[in-house]
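In the two complexes that follow, subunit A is the common piece, with subunit B as its partner first and subunit C second.
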Partner chain A sequence: MPNIIIDAKTLEFKKGQTIIEAAQDNGIEIPHFCWHPKLSVSGNCRICLVEVEQMPKLVIACSTIASEGMVVHTKSEKVIAAQNAVMEFLLINHPLDCPICDEAGECKLQDYAYKYSLGESRFVEEKVQKDKRIKLGPNVMFDGERCISCSRCIRFCDEIAKDPELTFVQRGDHVTIRTYPGQEMDNPYSMNTIDICPVGALTSTDFRFKARVWDMSSNKSVCVGCSRGCNTDIWVRNNEILRQTTRYNEKVNSFWMCDHGRLETFKHVNAESRVHYPQIRKDGELVEVGWDEAFSEAVSHLKTFPKDQIAVVGSPFATCEDNFITAKFAKSVLSTGNLDFIRHTNPEFADDILRNEDVTPNTKGAVLSGLVPSQAGLDINGIIKAIKDQKIKALYLIEDDLVQCFPELESSIAKLELLIVHTSNYNSSTNYADIVFPASTYAEKHGTFLNGFGVLQRIRPAVATAELDRALDGMNMSRLDKFGTKFDSWAAGKKNEARPTWKILVSISKALGYKMKYNMAEEVFSDMASSIIELKGIDYDEISESGVQLKVEDNKTVNAG
Partner chain B sequence: MEEVESKPVKRRTKDLNLWEKIYIPEIIKGLALTFRNIFRPKFTMEYPEVKFEPPASYRGRPVLVQEESGVERCVACGLCSRVCPALAIEVQAAETELEKERFPEKFEINMIRCIFCGFCEEVCPEEAIVMSKDYELAFFNREDALYGKDKLLVPASELEDRIKFLRQYK
Partner chain C sequence: MEKILLPDIENLHLIDVYISNGGYEAAKKAFTQTSDDIIDQVKKSGLRGRGGAAFSAGLKWSFMPKTTDKPKYLCVNGDESEPGSFKDRQIFEINPHQMIEGTIITCYAIGAKTAYVYIRGEYHKWIRLLQKAIDDAYEKGFIGKKMKETFNTDFQCDIYIHKGAGAYICGEESSLMNSLEGKRGYPRVKPPFPAQNGLWGCPTTINNVETIANVPKIIEKGWEWFSKIGHPKHPGTLLFGVSGHVNKPGVYELPTGTLLTDIIYKYAGGVPNDKKILCVIPGGTSMPPLRGDKLEGVKMDAESLKEAESAIGTGGVIVMDEDTDLVKVLARIAHFYHHESCGQCTPCREGTGWLEKILKRILAGNGSTSDLELLITVANQIEGNTICALGEAAAWPVKYMVERFRYYFEARVNDEVSLPIANKVHSMRETSYPLADVKK
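What follows is the complex of A and B.
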């Protein structure tokens, strides 16, 4: 490999790389606004100027190709002076709106003003006025005065979202961003521009003014919107999810995620429709009961059915751990082979960027965890038919909505003698349930998802529940979480009485006389790793933050209707 | 470096001396002080009949400055909340049609937490929160100590001398 000398350090680089790439690969930061590793080089912001020996002038590191023996200085006097000049120039017309700007706290311009500027401006004239509060599209708000014309957003729409919608208009210091006439910025990936905009020119209409970034905690998770499983950070304040942002993972989603994943996949966690306590139907009405009462109610009913009258429906929305225990519960505890789950697909959702046809996070994982009928058992179509024929009299439904998926089944489901449902929110199926267990959502538990491409990824809790403590269970904490007391309304956010499905099933199994010794999701996983060949040798530490690529054959389950 | 000469520290002796042990002279000394003070001018205030009117530099409870239009100056940036060492301030921002774009939908100061440091006033970029002269703060329960916008908003005209003081010294 060829060598380049940056700041007196000899470093290897790959042929064809630019100076900024070579530096980044070796852990040297060269400041940049307009350059982005996944976008074409534009070279307009000039903050990445470096000094290269033998070159008459400073050059921009983002578009200068590194070559063998090149000697680069990123901290020389000339470079520092140039960085300061660029900062002074960028701030000439900048409104310094930080108090009302949502970007404050995670703003590159703020950070660089601190790092690379001397903080002096000689500009005494009036600043240019531009349009503020322009809705570029349904999810993105634009502030012309804050824009530093880096063109990242334009290049993103052109190159990644493949939907050219934005352009520069005007000249000089009047230059600003517009959508093409008659167009909106409404591509399914539009909100990524909010992340990559180095300033607060593009902000989210959904998250707008909801919280300061420094008041929230963030925990690493995975989007549940489709089987891509984009890596995310879940941002929480006062135990309420306020936004979900993308997290870099080259194996899965690179720097991006879709707007659907960002906006629509977490709202149910804080919704009014949450089930808060176990519920038992008494005189036709669901009433709140304690966990133990619900367990013994479930046990006493389950015991009365012969095994061929019971069916268990697992869930591609639940984790591998949940489904592994569900399968074990069906096969070993209830001794029924009538076990399967509902596939959720939507061909219209799919595209060739990130979005997949399978709109659940864990279809592959459900199969891998053993959510398949036994040889004599019924699969999902068989179960549906048997419910219609009233051959199945007791149904155990995990984290899914059978009635919504098969509306024609409604009257047959109403006739079931026993319907036990695990769910986080009330839905059409809970209308007919005899017992409802409140299940933790993906944001309230540990676990793993196997995405549509065979990458096994971990989810981590971001929201505390009655059984999952923010501090004790290792969630990241904001300052407010750390120092709030029960008397502070800003720290006493509601905690749901919910438990992960696997934990509920372990309790019921125990009450049925079948002991399972699991206290943590990790223990369930290590048991899976010892019994499922594809998971051999894998543990939570290895899955870590970026997941593990499994060698699972590309079975048809992912796209099966 | 220059040598710093250390002064001998004056230590009090452990035991009473003879003069103090006799006791009577000490009593007389004490009473003399008392009688001297009886005839000096009195500066105790008959609170609460008479109220103390603090100077502009006084730091009473923090209040929000209300413009003549009735709107608060605050833009809900949350900096006061961030800087408050006692975590007394809660701000919830929301959007407004006004030019300032952002306003505090909820602004609450927990007067049990507040330590009257004045950091919020110092950090505010909008001169929107200032220390008032109000020191009459007593509560019978925790809820009463939560001051919402209704109690916090004070017309700018009533805060003139504090604002003048801040412009001069801040």
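What follows is the complex of A and C.
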């Protein structure tokens, strides 16, 4: 490999790389606003100016191709002067409304003002005034005064969302962003522009003014909107999810996620419709009971049915661990092979960017975890038919809504002798349930999902429930949480009684006299890894933040933009 | 002196008059030679670009790839928006066919089948005149399908006029190409240069109208003839557009190396009322201004002006007499570059506005000596840090005007504020201060 010398260090680079890329691959940060690894080079912000020996002027590191023996200085007097100049220029017309700006705390302009500027302005003139509240589309608000005209948002729409919607208008220091006449920025990926906007010029209409970033904790998770499984951070304050943002993973989603995933997949966690405690139907009404009472109620009923009258429906929304235990529970504890789950597909949701037709996070993982009927057992169609024919009399339904998926089944479901449901929120099926167990959502538990392309990924708790331990469960804290005072936002907010499905099933199994020795999701996974061939040799920790590519059937590795 | 571009021939703009004076013979001659020969002759002639940077035309043409699957293009730059420049329009008006003929020869030399003449939209009249000339040339078979018969060649090219929409920046070559492509007139980051990646990503050459108009004569009379006119390192004639405080403003075609004082006094008739000269900008407003007491012996060509610490630019000579308000002039120049900055890159977008604001404040009597330092540092912070040369165009006049007329600016910011100005500043304030406050 050829060598480049940056700040007196000889470093290898790949042919064709620019200076900024070569530096980045070697762990050297050259400051940049407009450059983004996944967008075309626009070279407009000028903060990445570096000195290259033999070149008469400073050059921009983002567009200058590295060459063998090139000698680059990123910290010379000239370079520092240029960086100071660019920072001073960027700030002269900037409104400096950090105290009310959502971006504060995660703003490149703020960070660089500390790192690359003199911290003083000589500007005493009146600032240019621009529009401060332009709704570019349903999800994105634009503040012209904060914009530094880096064009990242424009290039994102053109190049990644493949839907040119934004353009610069006006000239000079009056330049600003608009949608093309008669257009809105309503592409399904529009909110990524908020993430890549280096300043607070683009904000989320959903999250605007809800929280200071340092008041929220963030935990690494995975979107449950479809089988892409885009990597996310879940942001929580007062034990409430306020926003989800995308997290880089080249194997899965690159830097991006869709607006649906960002906005629509977490609202149920905070919703009014949460099931807070175990419930038992008494005199036709669901009433709250303690866990033990619910368990013994479940056990006493389950015992009364011959195994061919029982069916278990697992869930592609639940983790591999949940489904592994579900399968074990069905086959070993209840001894029934009537076991399957409902497929959720929506061809209209799919596109060639990220979104998949399968609108669940773990269909592949459900199958891999053993959520399949035994040879003589009924699959989902068989189960449905048997419910209609009243051959199945007891149904154990996990984290799904059979009634909503098959409305025609409603009257038959009503006739079931026993319906036990695990769910996080009340739904059409709980209307007919005899016992309801409050299940933890994806944001309240550990576990794994296997995405549609065979990438095994971990989710982590971001919202505390009664059964979670903040330290033992490795939950990140916000700055506020760390004080441990009564103002600790962790302590604030409601804690749900929910438990992960696998944990509930372990308890019921035990009550039925079948001992399973799992205390943590990780232990369930270890057991899976020793019994499922595709998972052989995989360590839970090794899945880490970016997942592991499994060799599963028909897995296409897809480059996510 | 023989004139190359604007000879004294009546009705030369008419195609028949042009032909009867030997027009289109150079093109005929060119088609009997190889394109490499043409490039070689233009190189040897020493012809340098007339659009501002004075880059060797032949050398630029030689950068065009010989073997490529892509079409090649020629852009003839007639955007002419630099304040003080008004020479290309003389060619459109007086000698359009020579430029058309030059375009044909250049197309042949670089292998371009299409040439676009980009003209600023404000030049309605000249666009019409040039279009008429192009139409006539098509009719006579000098351009387009009939070239085969006319010139007995397999080469064929077309010429189109493209109208600008009123932006100085579209005269910058890469911005011009974006504008031609129907995009926003944003300059491109270089490299890649137009010869590799120009119009629609294809190899492209951009030359100024005046540059191209010289080509037929070089082919007709030979490179040696041309190389002997004027300054040896910057040969030929230049169209000097003289404006400002002179008795006979206008365009004068003179050999390079002509004394600046001759241009002002011999040709442009001197300064009205025999006033002294305070300042001269020798090549359009973006070039460093010269002090009135430093004009003696300054010759007008790229090399000599470099020595005099300025540049030839577009040869637009702006003369300012001793009663000129230089602060007002500089504020107006700064306003122009602020107004014309495309806004793409940070230093120019933000810096040009800042320069104008400081100058406006000084003009209103609210400046101080530290503002003069500030003007120079802001200009320095723009210079060299931008995507295109508009950054320098904006920075140079400010930097050099303040440096070279330091005494003048200092006197101005230290002056007791004149009453009318003080009153104006006062009335602009939101709260009322006693008038004395405004004075220093």
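Please note the rule applied: the second predicted complex is superposed on the first by the 545 of 561 C-alpha atoms of A that agree within 3 Å, B and C clash if a C-alpha of one lies under 4 Å from a C-alpha of the other, contacts with A are read in each partner's own complex, and residues count from 1 in each chain.
Assume contacts are C-beta pairs under 8 Å (C-beta built on N, C-alpha and C of every residue); 3 or more make two chains touch, one makes a residue touch a chain.
Predicted model, so just to flag it, every value in this text is computed and none were measured.
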* Asked: In the superposed arrangement, does subunit B or subunit C reach more residues of subunit A?
  -> C
* Is A:133 contacted by the first partner subunit B, the second partner subunit C, both or neither? -> first
* To do: May I ask you to decide whether A:148 touches subunit B, subunit C, both, or neither, giving the answer as first, second, both or neither?
  => second
* subunit B versus subunit C as contact partner of A:543, first or second or both or neither -> neither
* Asked: Which holds for A:41: it touches subunit B only (first), subunit C only (second), both, or neither?
  -> second
* To do: With the two complexes superposed on chain A, say which partner A:214 touches: subunit B (first), subunit C (second), both, or neither.
  => first
* Touch check for A:480: first (subunit B), second (subunit C), both, or neither? -> first
* Kindly classify A:99 by the partners it touches after superposition: subunit B alone (first), subunit C alone (second), both, or neither? => first
* **Contact residues common to both interfaces of subunit A (with subunit B and with subunit C)** => none
* Asked: Touching subunit A in the complex: which residues of subunit B?
  -> 75-79, 81-82, 87, 90, 93-95, 100-102, 108, 110, 125-126, 142, 146
* Asked: Where on subunit C is subunit A touching in the complex?
  -> 167, 169, 184, 189, 338-347, 349-354, 357-358, 361, 374, 381-382, 384-387
* Structure fact -> subunit A contacts subunit B in the complex at 98-100, 104, 132-133, 208-210, 212, 214-215, 479-480, 483-484, 487-490
* Sites on subunit A touched by subunit C in the complex -> 41-47, 49, 57-58, 60, 63, 81-82, 85-86, 88-90, 92-93, 122-123, 125-126, 128, 148-149, 167-168, 170-175
